[in-house]
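What follows is a set of notes on a single structure, which appears directly below.
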Amino acid sequence: MRPSNRAPDEMRAITIETGFTKHAEGSCLISFGETKVLCTASVEERIPPWLRGKGEGWVTGEYSMLPRATHTRGSREAARGKQSGRTQEIQRLIGRSLRSVVDLRKLGERQITLDCDVIQADGGTRTASISGAWVALRLAVNGLMKSGDIKSDPIAAQVAAISCGIYNGTPVLDLDYDEDSSADADANFVLIEGGQIAEVQATAEGATYDEEGLLRLLRLAKIGCDGIFAAQLDATKG
Amino acid sequence: MRPSNRAPDEMRAITIETGFTKHAEGSCLISFGETKVLCTASVEERIPPWLRGKGEGWVTGEYSMLPRATHTRGSREAARGKQSGRTQEIQRLIGRSLRSVVDLRKLGERQITLDCDVIQADGGTRTASISGAWVALRLAVNGLMKSGDIKSDPIAAQVAAISCGIYNGTPVLDLDYDEDSSADADANFVLIEGGQIAEVQATAEGATYDEEGLLRLLRLAKIGCDGIFAAQLDATKG
Amino acid sequence: MRPSNRAPDEMRAITIETGFTKHAEGSCLISFGETKVLCTASVEERIPPWLRGKGEGWVTGEYSMLPRATHTRGSREAARGKQSGRTQEIQRLIGRSLRSVVDLRKLGERQITLDCDVIQADGGTRTASISGAWVALRLAVNGLMKSGDIKSDPIAAQVAAISCGIYNGTPVLDLDYDEDSSADADANFVLIEGGQIAEVQATAEGATYDEEGLLRLLRLAKIGCDGIFAAQLDATKG
Amino acid sequence: MRPSNRAPDEMRAITIETGFTKHAEGSCLISFGETKVLCTASVEERIPPWLRGKGEGWVTGEYSMLPRATHTRGSREAARGKQSGRTQEIQRLIGRSLRSVVDLRKLGERQITLDCDVIQADGGTRTASISGAWVALRLAVNGLMKSGDIKSDPIAAQVAAISCGIYNGTPVLDLDYDEDSSADADANFVLIEGGQIAEVQATAEGATYDEEGLLRLLRLAKIGCDGIFAAQLDATKG
Amino acid sequence: MRPSNRAPDEMRAITIETGFTKHAEGSCLISFGETKVLCTASVEERIPPWLRGKGEGWVTGEYSMLPRATHTRGSREAARGKQSGRTQEIQRLIGRSLRSVVDLRKLGERQITLDCDVIQADGGTRTASISGAWVALRLAVNGLMKSGDIKSDPIAAQVAAISCGIYNGTPVLDLDYDEDSSADADANFVLIEGGQIAEVQATAEGATYDEEGLLRLLRLAKIGCDGIFAAQLDATKG
Amino acid sequence: MRPSNRAPDEMRAITIETGFTKHAEGSCLISFGETKVLCTASVEERIPPWLRGKGEGWVTGEYSMLPRATHTRGSREAARGKQSGRTQEIQRLIGRSLRSVVDLRKLGERQITLDCDVIQADGGTRTASISGAWVALRLAVNGLMKSGDIKSDPIAAQVAAISCGIYNGTPVLDLDYDEDSSADADANFVLIEGGQIAEVQATAEGATYDEEGLLRLLRLAKIGCDGIFAAQLDATKG
């Protein structure tokens, strides 16, 4: 049924390789099948101007695709002189998603930037980014707690993201590129451990969907995120 | 309960004044309470390069706030030299929403640009933009059909958008600025007449929400969009 | 003679609707016939860096056309990433014109920005902008005086602007788009109540003109500005 | 009276050194006293896209100040990434002024760009630019006529520009920097041999002026331009 | 002596992992010690406009550092809106170096872009980029020859690059970050198999150097490049 | 042999005209044959942010070509909105070269900017820029020492630059444009009086070169720079 021969509720293999780069306070290479994203967390002892003096920190995200992460080479945003609307949309989503589980007061007056750079793309780059960014953030915060810079854990919960879609009339989990490019609906869910929702972005493509369809996609997303939560825990243990 | 004293499922007054500017092929000033957006549809007999020779047209959206549409003056994006991520996100949403009800083959090799310029902002500018853009598009397409440039109506259905949110724990319809700035969740729904969904963007702010919350917001949105569909019909009749 | 059938010294109808938007400290929608400009005055308690510590304020202008204010859609300057030379020229003219009647010391260390956004264009947008900006400024300063933030009125006089031109050999007042696009000379005058001149910009187009021609245009401008001064007074009374 | 000890109607020494650079089809270094501008005319056998197929040519101007042409170093516009409003205003004026004396049909489908680069500034850089640009243009067109590329002279007349102002209450000719920075009014006149006017830009600074003042400045400008016309002729003879 | 305890003529371990990403026609992850660069070769059947119709192809390079490739996070060039001078300098060097061994006529009318993205930086990123880019290019050209798109091998030789410097008065090979930041001279050599030089860029830092010093650095570079040539061959065999 | 009929080790005539502009603290027009560069040194009593509080000054360079300095007109970088990679590369080289002979502590907390603007280009503009910039710097520092702002001379030595190349198989000194555009190798040397090297940039074009070739070019450069050192001394004496 699916080009990938996966069952409708079957995710691709998830791997998380922590410590992929040595300079970042936290880092991992997360793979959802052939989609590979390098996520790093950088801690800086400064905050954006509009936060100064409030006793709070900030968590933000940045996202980029390497030019040849995709089937055909895309031009470099730095060469074009601006980030695309898509890039900015994803960056905003990453930051918002991670902030939904962080107590910025406990973080103190510091900023953590989560850089998500797509090394290879095969669908689901934004959801892999969010899921991997949590791992990088967890590792960086672990370091801050170990060093005593932070007393009380500012991370309240795990957060993960997954895409679902309606493919040939069937709701399916974790779209790869082939599925994504011909799905009737494409939905990204950002979920928090315990069943809460941080964000839903569900877009009809070609065909529209109804309330029932939305619910079925949400339930698939819960299955998927449970798998990611387990992989995140595994990667950040010990 | 609500700062506006409205019932949870009560929308603000909607008015749509068509023909607000004389040059555009379709135009209206749409108001959701104190939020006022000028929507124009411009028909051009050219299409983006990547569509050439396919026998299809294109529908796209642009969005901007006048600098003093808001409580405090915002700097002009043209002066800053780039459009914000928020602006680009909204522009993409407007275009996608309108395209969800247009048959681009029936439109023929022409482009319709929907410009949504916010004259005054009080929450819900993107949903007012989408709802008003449909009116401008309808008027412009009516003109093309009258002149014989288009034979068969490319607009398959009405599309409208509304925001809902969880305010002080209660799901409410059509957030104004005061509600929006302190809501726990903020969701924008783009719905199609007949109950189909074109897009859901639901974001937790401060508090997260669950499946039940999402459903209750969606049901409020249906109530709201039914009101907008009626106002659209009324504005474009005769 | 004139495409508009107006007499050579006849202006288009002028209307000024104050309070057009609710957030700005002063605002109006000014119409010169079919040319409609929204002018807002925004008061900010900060000044440009180069003025700090001098005990003076600043008055500046910004100008933009909505993309479909004109016969054919123009691209958005924010999307192109820069303001055109024409836009910048007009912005500089608006600021200079308004400052010619303001005592910046009496204004105190605050900045007033006059945003002039053209909703619909039919010739004379820059002169309508200046004339309407004075109204918005007057209203904003009235508010500052009422609240006691300013003790002594910093506005020394009224300022208004009008375009004149030589059309088919005849000097005419207040060019509309049809006249403007085929006039031999196009002159914008910024005049101050009482007969003083703040600015003359007179450009030959196709044909040149001589001293006598310049004088005749100036005299037409005085007639036109007297009409605008009256409309400004009327709009800001009471 | 004047810081320069000049009589009110006395210009600074004008010198025009033709052939200052070897690659341009026409070039000169023009000096108005200590103001020195390098003007080059570049002929290119191509025209702007919007002119194609009309059998006409184009004449345009560009303007820049070297960073240390002035008392204190200004930052380089290329480094800032955009041209200032002032630069664009002057560029537009240069092009418009030169086009006022050129028959674009006789020029044929080619473009002449007049680059005016200020080597040293002491007031009046835009008027020196226009006056020198005419010389560069004349030389370039002479070459095109000599080579037979152009049959009939497209230059209908000489054009020159000069600034005048009201200094300490007295109308004076050809302001230098010291005068310019404290003048009550500053007017730039672009005149055509024979007494016609191509452009007037007269701005009140500090004090306003009246019709009589405008006329007196215009008459001074005529005296000044007569001197420039003579110097232009002298430089381009033989 | 050296912070790394290496002998003066001792390189860091070089590893080249080919096929690191699946979409590119050629790719490798090259490591010089802790410096890791992902190099991809993208083949496109189009050439820059200025080459059209000449029967030649083009080889060009692009370079970027991931924001947290370095000790402290650098801002993203795409976010700043332009590439730094350093980035552009390195990009030009990569393209020039690779073109020095490619016969562009044999390549045919196609372009190969070599993207060098630094995953982790510890000195020598530009030399690792050039050395890895050759591998990616070799793999991509192998593919073009296998498919028959290219008949005759356009790659005439191997090219590699290495940095040398004078550290505490001693010429040393392959500077790492600690050495680089305190070296008296820093030289990058691009060498071609067989002893020819493609490029020398030798800069004094703090102290200057003389002819003898330059020669000693060049000889070290030859030792280093011999090692890289061997690793390149090894990686691209079979 | 050489298009210019010069002997292989013969430079073009060098002239240095100091005081070419009156506002700069130091200035000269330097000519290498038909290549003419205006070099100015601007002293500012401020330093870049990253140097504050270190008790050091800064020396930096900027470079530009006038649009018609070359055979065919180049577009203005300010109009294109960015500086080319070539421009930035040359600017960085100018700054680095001059800093190699300046003791920044002795300079005190001030910045000297060396602006090199090419009036006319005929090959070797970057080397003429560096050589002329030293003269402008010397004159500016002389002024600072005369006024007592600097006690001890921060300039440790002369620095000059020259290009060499392999033309038709023969190493030649000081390439002009005709030679440069068909040379097999193009090398720029920045040398310090007494035989030390500040920078070597040697690039193969078409053909590569070997160690022997590099040495022969370096020796030519020494001959050339000796001539420039003499001209610099002559220009800055008394």
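By letter and in written order, the chains are A, B, C, D, E and F; residue numbering begins at 1 in each of them.
In the analysis below, a contact is a pair of C-beta atoms (placed from the backbone, for glycine too) under 8 Å apart; a residue touches a chain by one contact, two chains touch by 3 or more.
Chain labels with UniProt names: A, B, C, D, E, F = Ribonuclease PH.
The shown structure was predicted, so the numbers you read here are calculated from the model rather than taken from an experiment.
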Topological distance between chain B (Ribonuclease PH) and chain F (Ribonuclease PH), in contact steps: 3
Inter-centroid spacing, chain D (Ribonuclease PH) versus chain B (Ribonuclease PH) (mean Cα positions, whole Å): 51
Length of the line joining the C-alpha centres of chain B (Ribonuclease PH) and chain C (Ribonuclease PH), rounded to whole Å: 33
Contacts with two or more other chains, residues of chain E (Ribonuclease PH) listed in rising order: 81-82
Cyclic chain order when read starting with chain A (Ribonuclease PH) and heading to chain B (Ribonuclease PH): A, B, C, D, F, E
Complex contacts: residues of chain E (Ribonuclease PH) adjacent to chain A (Ribonuclease PH): 21-24, 27, 34, 38, 40, 42, 44, 62, 64, 66-73, 76-83, 87, 113, 115, 117, 119-121
Contact set on chain C (Ribonuclease PH) toward chain D (Ribonuclease PH) in their complex: 82, 84-86, 88-89, 91-92, 96, 100, 187, 192, 195-204, 208-211, 213-215, 218
